[in-house]
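Structures are listed in the sections that come next.
In the two complexes that follow, chain A is the common piece, with chain B as its partner first and chain C second.
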Partner chain A sequence: MILNYVRNKHVYTTEPKNNLLLVCAASEETFFSARVEVTVKLPDLEVVEILGKIKRSPFTRCQEAVSMLPQAMGLRIGPGIIKLVHNLVGGTKGCPPLANLVLECTDAVILHFTTEPLKEILKKEGEEQIVAYQEFLRQNPRLFNSCVAFTPDSPLTKGIKEEL
Partner chain B sequence: MVIDLHVHTRVYSSCSILESEEAIREAKKIGLEGLCFTEHNLRWEHEALQKLSQKENFPLFCGVEVETREGHLLVFGVNKSFAGITPLDELRELVKKENGVMIIAHPFRGFLLFGFADLSLQVEMASQRQIYQQVEAMEILSGKAMKKENDLAQKVSKRLKLKGVGGSDAHAPGEIGRGVTIFKKPVIKNEAELITEIKKGEYEAVYWLEKFKILNKG
Partner chain C sequence: MLKFSRTKWVGIERPAKNVFLIHGTLEDHIYGLELDLTVKAPELTILNIEGKMRRITTSECAKAIPVLKKAIGLCLTAPDFSRQVNKIIGQKGCRHFANLLLECTDAVFRCALYETWEYLQKEGALTEDNFRQEVLGNLPFLKESCFAFTD
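On to the complex of A and B.
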C-alpha cells in the first residue's frame, strides 16, 4: 500500500491600517483544506472580525463549526486565548483543525510585533548583542526562564535576575 | 483586615501546586489575616473550608474564578461551581440574584508582551471594555501581572471610578501575599461580610509581600 499525504500551511499578516491588523491562515492538505481570516483591533489586540471557509474535511462537524467562529469575536490576544479558542471553536463539538488555524492567526499577530525588534538585536554583535538581549528581557520579564536562552544560568540573563 | 483575595490551591485547581495548609502557613508567616480560595470554575465545599479554617485557626473565605470570553472574574456569593466558559450575561444575572459581587481579575495581565509596549494602550481606550460596566471592582494589583500592567489597571479603575482590590493569584509556594486587600474593617467573619465590605469599597490594594521582605531585611 502506498500512502500519500501532503500538507501545506501558510500564515501571513498585512500592514495595519486604521488600527486594524488582518491575519490570514490557510491549511491545504490531503484531507483538510481551510482558510481563516482574523481582523484584530490595535492596540488592545481584540478580535473584531473572524471569517472562515472549509473547502474539504472528513468531518461534517467541521463544516458546521465555521458558524461558531464569530464566538471568538471580542477575545483579546493574550494569556488564556488557547483554552478559549479550543473551547469555542474546537473540542468534541467543534473542529479542532479550524481552532488551530485561528490560533495560527493569533500567533502571527504576536510575531508581527516581535520579529522586528529581534532582527535589530541580531544585527548587533558580541557584548553589544548581549546587552541588547538583556534590555529586551527587562522590558519583557515574562520571558525570563521561558526558554533555554533565558534560563537563570544563561549569559543573557546575567546580572538582571534580581531586577526581574 | 489583610486578606489575599485570590489564591489557587491544588485541591481544586489542577494548575496549582500549592497545598491549602502550606498557603495558610505562608500567610501566617507574612502576617496576613485571611485567605480567600478562588479556584478555577470550582467552589470549595463549605464544610471542608470551615473544617480547615478551624483546624488551622485561620480565617478562610471562598469565591470562584469564573472563566468568560471577556476575561476571568472573581465571583463571591454564588454557591455553585461552573464548567467551561460561562456567558457573561448569564453570570451577571446569577450574581445579581444572589446579591454577590464580581471582580474583574488581572485585566491587563500579559498585555504588555514583548514588543507590544510600542502599541501604547492609552487609559481612555483601555477603559472602554464593556465588561468593566458589569463588575463591582477591579483587581488592580495582581501578583501575576507586571507592575506596568497593574499600573494601567489602577489608572483604568480610577477613571471608571471602580474600586480596586489586590490578590496574589498564587499557584505556588512563595507567591502568597504578593498582592493583598487591606480592608478598613478589622474583622470580617464570613463571606457575606466580605461581600458587604467589597461593595462598600473601604479598602486598598497593597504589594504586601514586597513590603514584608523589605521590612524584614532591615
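On to the complex of A and C.
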C-alpha cells in the first residue's frame, strides 16, 4: 500500500571542539520540513547558540517561529529543560514541531555522553556487567526507576535503592 | 566526526477511512526499536500495538515489550496523553519505546492535517484561511495547539 504520510527525523552530534558540542536535528515529512542546530558549551551543557530554518510548512506565518529560537540560549541541559523549551519555543504561542527539534537536540546531547559508558559496560559479562551497571546508576541516579531495567526490583539496581 | 546519531522514521497507511496503520522505527548508536500501531478514527484511540527490540543494552529491556499492550485504549487527543505514555510505557517499560510511540502518534495528527490540505487542494479551494477553518472544524482538538491555530 502507498503511504499516506511519512516522517524522517535525524539528529546527530559531532566530536566537541574547543569545549563546544554541535548538535543538529532535522525533520523531513510530507507536510513539514525543518532543521535546528544547537551549540552547547561543555562541561556545563549551556546552550550558547541556536539556529533554525523551516523549509516547508502549512502556513506562511510558521516562519515567524524561527525568531523564537534564540530565547532558548542560556538554558542548561538538565532537569526542567523540557518545560522551558515548550514555553519558550512551543506551546499555543509558538511552534511545537520546532520546539520538538530543540528537544531532540538536548536528548542527543545526553545520549552522546551515555554511549561511551554503555560501550564499556557491554564489554563485560555476567556479574561483572551487573556491578558495572550499579556503578553507572550511582553516577546517574536520575536513571533509577526510570525504566523497567532500572526498577527497584531489577537485579541491576540491587543495593542501589538504599544508597540513593 | 559524527559521534552519536539517531534516526526515527514513521510511515502511515490508510487502509480504510477509520483506520491509521503506523509503522515506526528508531535506530541510533545504542538502540534499535520498531513499533506497529493501529489507531481508530475518528476517536483516535489505540486499537493495537506491537513492538520489537532489535538492539538493547540490558538483559531486562525485553520486559518492556509486553508493557506496550497497556497503551491499547489510550486516546491520542487526551490532554495528558504524552504524560500517560511517558509514565505507562516509558517509566514502567522503555523510555525509548515511549519516545517512538509519541513520534508515531504525533505523525497521525500531521497525517490528518495533510489529508485536509490535500482535500482542499483537489477541490480547488486551498487558501490558508480555508485550511485553518477546515482543520478547526474537522479536528477541533488542534485549536490552540500552536500559534497558527490560536486566535
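Definition applied: the second predicted complex is superposed on the first by the 158 of 164 C-alpha atoms of A that agree within 3 Å, B and C clash if a C-alpha of one lies under 4 Å from a C-alpha of the other, contacts with A are read in each partner's own complex, and residues count from 1 in each chain.
The rule is simple: contacts are C-beta pairs under 8 Å (C-beta built on N, C-alpha and C of every residue); 3 or more make two chains touch, one makes a residue touch a chain.
In this text the structure is predicted, and so the values were computed from the model without any measurement.
Visitor: Look at where chain B and chain C land on chain A after superposing the complexes, then choose clash or fit.
Guide: Pair status: fit.
Visitor: By the touch definition at the top of the document, which applies to A:139: first (chain B), second (chain C), both, or neither?
Guide: After superposing on A, A:139 lies in contact with chain B but is clear of chain C.
Visitor: Determine how wide the angle is at the CA centre of chain A between the CA centres of chain C and chain B, giving a multiple of 10 degrees.
Guide: It works out to roughly 110 degrees.
Visitor: A:160 contacts which: chain B (first), chain C (second), both, neither?
Guide: In the superposition, A:160 touches no partner, neither chain B nor chain C.
Visitor: Going by the contact rule set out at the top, does A:80 touch chain B (first), chain C (second), both, or neither?
Guide: Touch status of A:80: first partner only.
Visitor: With the two complexes superposed on chain A, say which partner A:12 touches: chain B (first), chain C (second), both, or neither.
Guide: Only chain C; A:12 stays clear of chain B.
Visitor: Examine A:42 and indicate which partner it touches, taking first as chain B and second as chain C; both and neither are also allowed.
Guide: Once the two structures are laid over each other on A, A:42 reaches chain B alone.
Visitor: In the superposed arrangement, which partner chain does A:88 touch: chain B (first), chain C (second), both, or neither?
Guide: So A:88 only meets chain B here.
Visitor: Looking at chain A, does chain B or chain C touch a larger number of its residues?
Guide: Counting contacted residues of chain A, the larger count belongs to C.
Visitor: Considering the aligned complexes, could you tell me the closest Cα pair distance between chain B and chain C in angstrom?
Guide: 12
Visitor: Kindly list the residues of chain A that each of chain B and chain C touches, one partner per complex.
Guide: Residues 114 of chain A touch both chain B and chain C.
Visitor: What does chain B use to touch chain A in their complex?
Guide: Of all residues in chain B, those touching chain A are 67, 69-72, 84-85, 109-121, 125-126, 129, 146.
Visitor: Considering only the defined contacts, which chain C positions touch chain A in the complex?
Guide: Answer in residue numbers: 1-15, 28-30, 57-58, 60-61, 63-64, 67, 90-95, 99, 103, 106-107, 110-111, 113-115, 117, 128, 131-132, 144-148, 150.
Visitor: Under the definition above, what is the set of chain A residues touching chain C in their complex?
Guide: Per the touch definition, chain A meets chain C at residues 1-15, 29-32, 58-62, 64-65, 90-97, 100, 104, 107-108, 111-112, 114-115, 118, 121-122, 133, 145-149, 154-156.
Visitor: Looking at the complex, which residues from chain A come into contact with chain B?
Guide: Touch residues, chain A against chain B: 42-45, 71, 74-76, 78-80, 83-84, 87-88, 110, 113-114, 116-117, 136, 139-143.
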